[in-house]
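As structure tokens, here come the structures.
Next come two complexes, and both contain subunit A; in the first it sits with subunit B, in the second with subunit C.
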Partner chain A sequence: MSEGIIIKNLVKSFRKDVILDNVSLKIEPEKIYGLLGRNGAGKSTLMNIIADRKFSNSGSITLNGSTIHDNDENLSKVYLTSEIDVYPDKFKIKDLFHWVSDIYKDFNNDLCKKLSDEFKLNLNSKFGNLSTGYNSIVKIIVALCVPADYIFLDEPILGLDAKNRDVFYNALIQTYSDRPRTFVISTHIIEEIANIISNVIVIKNSKILIDDSTENILASSYAVTGPASQVDEYTDGLNIVGSEALGKIKSNYIFGELNDKPIPDTVTISNIDLQKLFVNLTDKE
Partner chain B sequence: MKFNFNSAKPIFLQVAEQIEDAIFTGTFKEGSQIPSTTEISKNFQINPATVLKGMNILVDNKLLEKRRGRGTFVSVGAQSKIIKNRQENFYNDYIVNLVHEAKNLNIDEIQIINLIKRGYKA
Partner chain C sequence: MSEGIIIKNLVKSFRKDVILDNVSLKIEPEKIYGLLGRNGAGKSTLMNIIADRKFSNSGSITLNGSTIHDNDENLSKVYLTSEIDVYPDKFKIKDLFHWVSDIYKDFNNDLCKKLSDEFKLNLNSKFGNLSTGYNSIVKIIVALCVPADYIFLDEPILGLDAKNRDVFYNALIQTYSDRPRTFVISTHIIEEIANIISNVIVIKNSKILIDDSTENILASSYAVTGPASQVDEYTDGLNIVGSEALGKIKSNYIFGELNDKPIPDTVTISNIDLQKLFVNLTDKE
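Presenting the complex of A and B:
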């Protein structure tokens, strides 16, 4: 049975702060998800709870019908990038890789070596002495080589330069093609990953704002541009998520269905990209 | 191949169009193998499922054929099929817009025919 990860009514609070507010989600097998949200929206907390590194106050999480919490079989199918933070700083990278490959018996040692070369990683460096970028690289390498079916990458490209981000995206696509499995990636560089992710989850103020395929989301995101009064008249009653004005020309950004009103000649309707939609959707409180 | 990611068209349709265009221009020759889904995905950093969806449109239209374990090949006759198809759509794809814009610019029928004649001589 491979129905994926099902999260129901998850609540997490810390003292008086609600970090996740009644979150329900389904994470399907063999898909690449983008988990998007402003700083502090609850992305990392959600990933940590799914991977059983943190506990929720209420709600349930199952993988293929049975719980993940304290369930070794299911826990072995879920991997979160920050798991290797528990290794001592004085560990050399090659020892860290050894250690991980001892734990996961089907760890992909060949890919690990190949990626270490591509990222020009010095295997004799100590884990604690790595730059932010190389710390991210070590996490990426382990995440792409463990035999888990649900890989959670928490800000994998933190500190990575443009070339290394490119290496990462290509390695992700290659390994996904070789062995399709689910990746859930949180990132703030939406533009670069927009065409790689098949599904998008947006968290805003501790709640799930969007959970849909990238294709559906883009197909219902529009910019309506033209003279301000005509734009406002045409978009009246639509789900306006933001607007921009340049002199008397105005763009209203719409997320959702358009209406059947005739489109004035002076008004143009175009599509907007994921980053623009995200910025507008998460702009206001 | 080139993709305009800001275009209103879904990426999988753009993938199909770009491959079709490469067959039309002869970049991908009939009977030859085209790059794999993974190669195209990596090159343009597009989800492999999206690329596959685009390729499958051309497989359904019999412009491409999959050979088990060997890859995807341009069907024999694909290029002439595309040319025939584009000839049939030429009126809707080009003439309608051309006449619409000409009318906006007060260019009449005689003038437009003369312009077309000039175009053929150039």
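Presenting the complex of A and C:
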């Protein structure tokens, strides 16, 4: 029954621009995904189409075997952070929370109150007068409290200060542990969510470049460092996704299998972090 | 003549909330400032008042001895990134750039073209259809190309991917070196601008907490690490702004002078970075 969201051959174009090019993807239950990609790669468009906020040109999306579009039961299981943008700017935050909790039975009012306190949110502020950071905070609170099973957080930490980013990451881990469900998080501050996400989806040039567990990805990512000529010789034929040099010392970044060649004494192999891997993978033409 | 922007006893309140509480500050010519503070501290409000986009309740602001408000000559010297939000959403980016370059004589059209290429900006996109990241990119480009002497960048890297953040930081350093002028940058990704800014202004609870050169601030910031009891004894009486513990080992973070006590052999003193200092300073109640 719980087979998750299955996306098949999704195409979205706008005039001459292809925004999503034949995207197929499975979003499984009870996992935390990082949705990564350069500016303009198509992340927001993908989230909006899955949440039935925008139309695709072709392709299919199902949740547990049925469509999401025009299907109230499935629509209630999917939540996208930008949904609250439909509320009038003059609404006070406390009224906005009341409305949302009227719409969603089982809205987590206790958590909503707790998070409002932790973020020091003024419930009497008007929605339209919020700063960028507090606008993100209201979106985060609603997203973590709605009873949906598939929560799409589109750049949740936009404008959040360092302390509030920590409040968010901790609240996410806690609520996931209390009630496991799926979160799909797009962000450009990758190093901060690397320890939270179990899976990574990378979109590049409108296509899916990577769709794998964080563990597998990190286990297939290497920095090979040493004298330039020996590094180049050892890494010849491998999937080199980037390199850096400092004087005569060079690092080649590898994504994928290493080979059976003996490793020269002057060459060391170390792991690279997700941010560095991402920048190198998505920057390559 | 070039004495910069002098802000004296600025007060801004909204109903019962005090947003800026008697803020006095000098913004000098040809310096790059980081404007830091928690969400809701008053950073955007301060920038908007200086740029004459919002009114204060009391206090004075002058540029080179004259007011900015109602003073066309001084107004033309001050630019705030959110100014382009007044352009209609249906404007194409190329038309928006034409308008801006018509308004500002000496708009740097060459740099505008160069940066549009580097950011891979589609000049035929409509302003209102831009993603969060590309909206920030358009604001950055205009801010770096207008001929103003005091440029206020309010969260310029909002939604920018890691590569585009680098493009921005490098472009800022280059254009500053070509034509030194003042930039005031608010951001929550502090470690990334720590090497670019010459001065730091920290707002906390509506007041100025720190206003000093980056060099002085970093030279007055220490982590004292060792066995908890010896660390606490050595740092007794110092300005402890935060601490972290791992088992029996503790670090106390100090902002200000150390003392003349002998340093125990088991205790080490090291520097802390701006992000860590900021989080500790602004998190303290």
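In this section, the second predicted complex is superposed on the first by the 285 of 285 C-alpha atoms of A that agree within 3 Å, B and C clash if a C-alpha of one lies under 4 Å from a C-alpha of the other, contacts with A are read in each partner's own complex, and residues count from 1 in each chain.
Everything below uses one rule, namely that a contact is a pair of C-beta atoms (placed from the backbone, for glycine too) under 8 Å apart; a residue touches a chain by one contact, two chains touch by 3 or more.
Fair warning: this is a prediction, and the values are worked out from it, not measured in the lab.
Touch criterion met: A:219 reaches subunit B, while subunit C stays clear of it.
Within the superposed three-chain model, A:176 lies in touch with subunit B and out of touch with subunit C [touch as defined at top]. In the superposition on chain A, contact of A:127 is made with neither subunit B nor subunit C.
In the superposed model, A:197 makes contact with subunit B only, not with subunit C.
In the superposition on chain A, A:159 contacts subunit C only, with no contact to subunit B. Taking subunit A as the reference, the larger set of touched residues comes from C, when subunit B and subunit C are compared. In the overlay built on the shared chain, the residue A:255 is in contact with neither subunit B nor subunit C. In the superposed model, A:271 lies in contact with subunit B only, and not with subunit C. Subunit A makes touch with subunit B in their complex at residues 32, 169-170, 173-174, 176-177, 192, 194-198, 214-215, 218-219, 270-271, 273. For subunit C in complex with subunit A, the residues that touch the partner chain are 17, 37-40, 44, 120, 122, 131-134, 137, 155, 158-165, 188-190, 275, 278-279, 282-283.
Listed in rising order, the residues of subunit B touching subunit A in the complex are 5-8, 10-12, 37-38, 41-42, 44-50.
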